[in-house]
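You will see chain A twice below: alongside chain B first, and alongside chain C after that.
After this line comes the complex of A and B, so read on.
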């Protein structure tokens, strides 16, 4: 007896054999793309950049993917998990979307994780980085276009220990899951390479003044690692400079600490900050130059984390739609194509999805410098094809608990 | 028929129509919105006991909904409890919590009471956010399975909505019985004339404390429905924003009326979930709606409409007899 899945696969095989005829028949009407973003509340700045990214992508293609027109349906989750679920239901049950791009925050993605499995809808994450989404809470309907939280942090730790020869690091980070995960990932690799994390200072997300945290920093540290999201990096670096530490203890950062989205609002205090990320607007490839030029022409700003996250999601979708000959109605085939994305030439470099749905991609070590009269994250080193598991074996990596606030190296 | 009973009849038929509306619209999306309105309505009714009937403005009420949801989530995910056993434990926990928090918060009245409930609510938020080894912190607790009921799979939106209607009707009738009971009447007495009530031999503090616990209990019931619906709980659900939102529902709909919180819940949920799909500045619209309510119907939508209805409906003869 065939079970349902085998039956569906069989149908897909027959459809594949009869090829173009079947494909052409299915290609009626637009591809409906549900876009979960945040237009109101604290996360709205990132949400706007996400929207800019996907709109630029569609504009460059005359609103068509794989020959079919695209209907983009944008839903505002307000950054609240309960709303996110309702908005996802709205997109799927009322608008009958073929694919979902989003949502923004990790907890939003976790809130709809069971629902997207239940209804079986291909979902491309354009921002949510929570480790477990592609590690311990695997979802066959989920694929991520951005790195996992700690993926760039592992590389930065390696660079700090081996190239910069730092021995002692103090960490200041946002006190939420993203901050915990990147800090723990850094600590693990840094301490395995002979370094020592002296202290981890956690500041609340909405703290008004970093003064009390900056004064607690151990002055014997070789460098300070600042792990922030949103606009917090901007405010921290400003105050770090005001307290006179900029010249004395070098500053390291995560991608989002000094993202292009906030770098444009910074001044000289940001110069020299070394950070890590899966992208920089200063990457010197034709693909990226073209993307940055288009983005500057459209929005008069350099693209950053969110802009490219949404843009890459669009590239993922385009690639998958081509692979299924435009037949997005076959969700199983579309998802299979999404889980096997292998793009050679994106603005962020080559990207290949691993078997857990997370991209293996280049990690760039960047340093803030003035280029063409504006601050940019100049690439000073590239770690090619970095996995979310760094150099560890995935099986053993997944046996230890997820990176957390009190994460400590065992043994 | 008296004017009062005619108004009751009108409101009852409107309520039944409103409950049937999501089913008539046919799409699971609207049925799900209906379920969410009812969950919010039970939650708002529980707060109405304090705000409306007790005259005690609490701004930490989401703590009870959230705690109950967290207890269900933790017990089912990590300790192998069934959903219903976990729910019973959750209600026990919430009642004990309300008893303790009530004893602390009722040391003050008015603004003091409000501030203490705020502080206690934020404490629970802090625990949920910081104790990440247990609560998952900012990642929340996902994947709580919706239970079966008498062999029916409640994942089906229509069936879940049916259960929510039953739960809502029980809560509504329970609330009506409460307001007519000796306890409910003395609570309203302590709201209007606490000193006189004391002189008459009522133990004002005790009445308020019991009301506080009952309010906590029903917020706990709403919490169980909440986790049953969403299958996910995050610290935001027991934070200040959620507490303020439910308070707005009560005040907008009409504090101290049976149906006020229900109408308030419907307004907020529909604006937030449905209208936001068409209007991108829906937060502004929500604000304007509240401003409009405050200006046009300052006592709340339900008492305001009742006033308008009274003006429209001619007074019957027996009304005059009743009033003379």
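After this line comes the complex of A and C, so read on.
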């Protein structure tokens, strides 16, 4: 007997098949792009920047990709996994989208990972960074336009140990998968290079006050690494300053701790923070300057993680659509093209998708300075073509469990 | 762990307690008097912070921002009380749903007006300097928050315990029927207390801003804390809210520090223990 789940899947499969037939009949119609984002709640700021990124991309191309008009269908998941699943299903079955861009959060992406695999719909992740999406839970229908969680953290650890010559680091991080993954990735490379992580303080995502964590920081640390997402970086750095630590112990951060999206609302306390990421609005290349100028003109703000994540997803799609000569109805061919993206000149530098669906891309070490009268993440060092596996062999890397809260160096 | 560690953590606990008192004193008064569990109280707190932020950005000072937020949220609270809650008197479930719906509506309006970007609400320079004493560094602003909360507590206590208005409030909390019977204008009292409670939440939002920042979701983070404080301290009691707020501040701060894996459990533990032995809270009057 069919249980409810199998029954629902059966319906989904039938609906998917009929969608494919309809699609084939309408080859000259628009390319329908389903865009999963968040318009309400705590993640709404990131969601808005995602939307801005894709809209700018389409506007610059008169709403056409590969000669075909684009119909962008935006769906608000409210940042809730169950909702994301429903919205994805709606986009696929009712709107007959050819491709999905999104969703924002990793737990949302994990919630639809099985579904997009069953239905077979090309999905470009413009934000979700969870390691296993391109590692131990491989999905042939998934490709990521942003780095994996720990990809920039490996590079920062290398820089902290070799260039900054730090020996002892204290980590404060959001107590959820993203925070665990970047912290563990950092710890692994840092300790393999002779450093020592003195302590790891995990603060709940919605902690009211960082005071009690800052008080616990081991004052003998050479630097503090702060791994935060959303509003938390802004809050933490401010309180770090309030406790008089800013001038005393240098602060390191992940890309999202001090992303352009929140940097614009920060003050002098952010100056000097060294962070790592796959992008900075201050990258000095013609491609990036053009992109930043366009963003400033359109939205009066510097682009950051989300804006470029969505914009890159657009670039991925454009490249793949050209490869399949506009025939997005052939989902298998489109997906194959997406998994073989090799862009030489994006605002973030060259990007090549590895065989697991994750981009090999430059990782930038940035330092907050005042540039053009505003705070920017000035690039102080570039690690070219960094893989999600850092310098490790992918096979060995994948044999160890995914980076987690409790991660200790073995051997 | 050094003396400095305990001192600093205690100050953190006191500052958080002070904020929680500002947030929950209004909640407690409203619930005690009107039996309305105002679930939009966290949203008042956040909206107050946003209003204060806009006042600051318009070039006014910090004190003006606090006052403006108090007035705006009081007026909003007054309107909500007059046009929504008054029609739902004695219908608990309807009140809960309406105030919860209002909380969502306020949150979405904040998102529209102030975008979703997390913002800093800067404390004035004269308050935000670190205080260096006995070889330790104390964040000056937190000391200020503690002072303000104590002053507000004293003022509220005087209002409730030492004025005629306060006597009417206490009488109505104890027995609303009897209070009406002896000619206390209960309806006017309700409106006043609701505005006062809303204003306290709004001003608390501005005062909390420099510590917490302002961002979507702040409302949902503060509301459960207010509930814990009020249930712990006893409903309708200013003294209870004060003690409950500081207990919660200490439990939250030290719980996170000493037993980080159990920080949420520890937050609710005192509440459960108190409820088990004193179902009406530490300072609440037992149900008739």
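The criterion applied here is as follows: the second predicted complex is superposed on the first by the 384 of 411 C-alpha atoms of A that agree within 3 Å, B and C clash if a C-alpha of one lies under 4 Å from a C-alpha of the other, contacts with A are read in each partner's own complex, and residues count from 1 in each chain.
In the analysis below, a contact is a pair of C-beta atoms (placed from the backbone, for glycine too) under 8 Å apart; a residue touches a chain by one contact, two chains touch by 3 or more.
Nothing here was measured: the structure is a model prediction, and the numbers come from that model.
Legend: residue contacts after superposition of the two complexes on their common chain; A:42 is shown touching chain C, with no touch to chain B. Contacts of A:75 after superposition on the shared chain: chain B is touched, whereas chain C is not.
Using the contact criterion defined above for the overlaid structures, shared-chain residue A:167 touches neither chain B nor chain C, since it reaches no partner. Contacts of A:381 after superposition: neither chain B nor chain C is touched.
In the superposition on chain A, A:234 makes contact with chain C only, while chain B stays out of contact range. In the superposition on chain A, A:215 makes contact with chain C only, not with chain B. Residues common to the contacts of chain A with chain B and with chain C across the two structures: 40.
By the touch criterion given at the top, residues 27-29, 32-33, 36, 129-130, 132-133, 137-140, 142-143, 155, 230-232, 234, 236-237, 241, 272-273, 276-277, 280, 282-283 of chain B touch chain A in their complex.
Residues 39-40, 75-76, 78, 80-83, 85-87, 89-90, 93-94, 106-107, 110-111, 113-115, 118, 130, 132, 137, 175-178, 180, 404-406 of chain A are the ones that touch chain B when the two sit in their complex. Across the interface of their complex, chain C is touched by residues 40-48, 201-204, 206-209, 211-213, 215-216, 230-231, 234-235, 238-239, 242-244, 261-262, 264-267 of chain A.
Interface residues of chain C facing chain A in the complex, by the touch rule stated above, are 5, 8-9, 12-13, 15-16, 107-108, 111, 115-120, 122, 128, 130, 132, 137, 139, 141-142, 211-213, 215-217, 220-222, 225, 252-254, 256-257, 260, 263-264.
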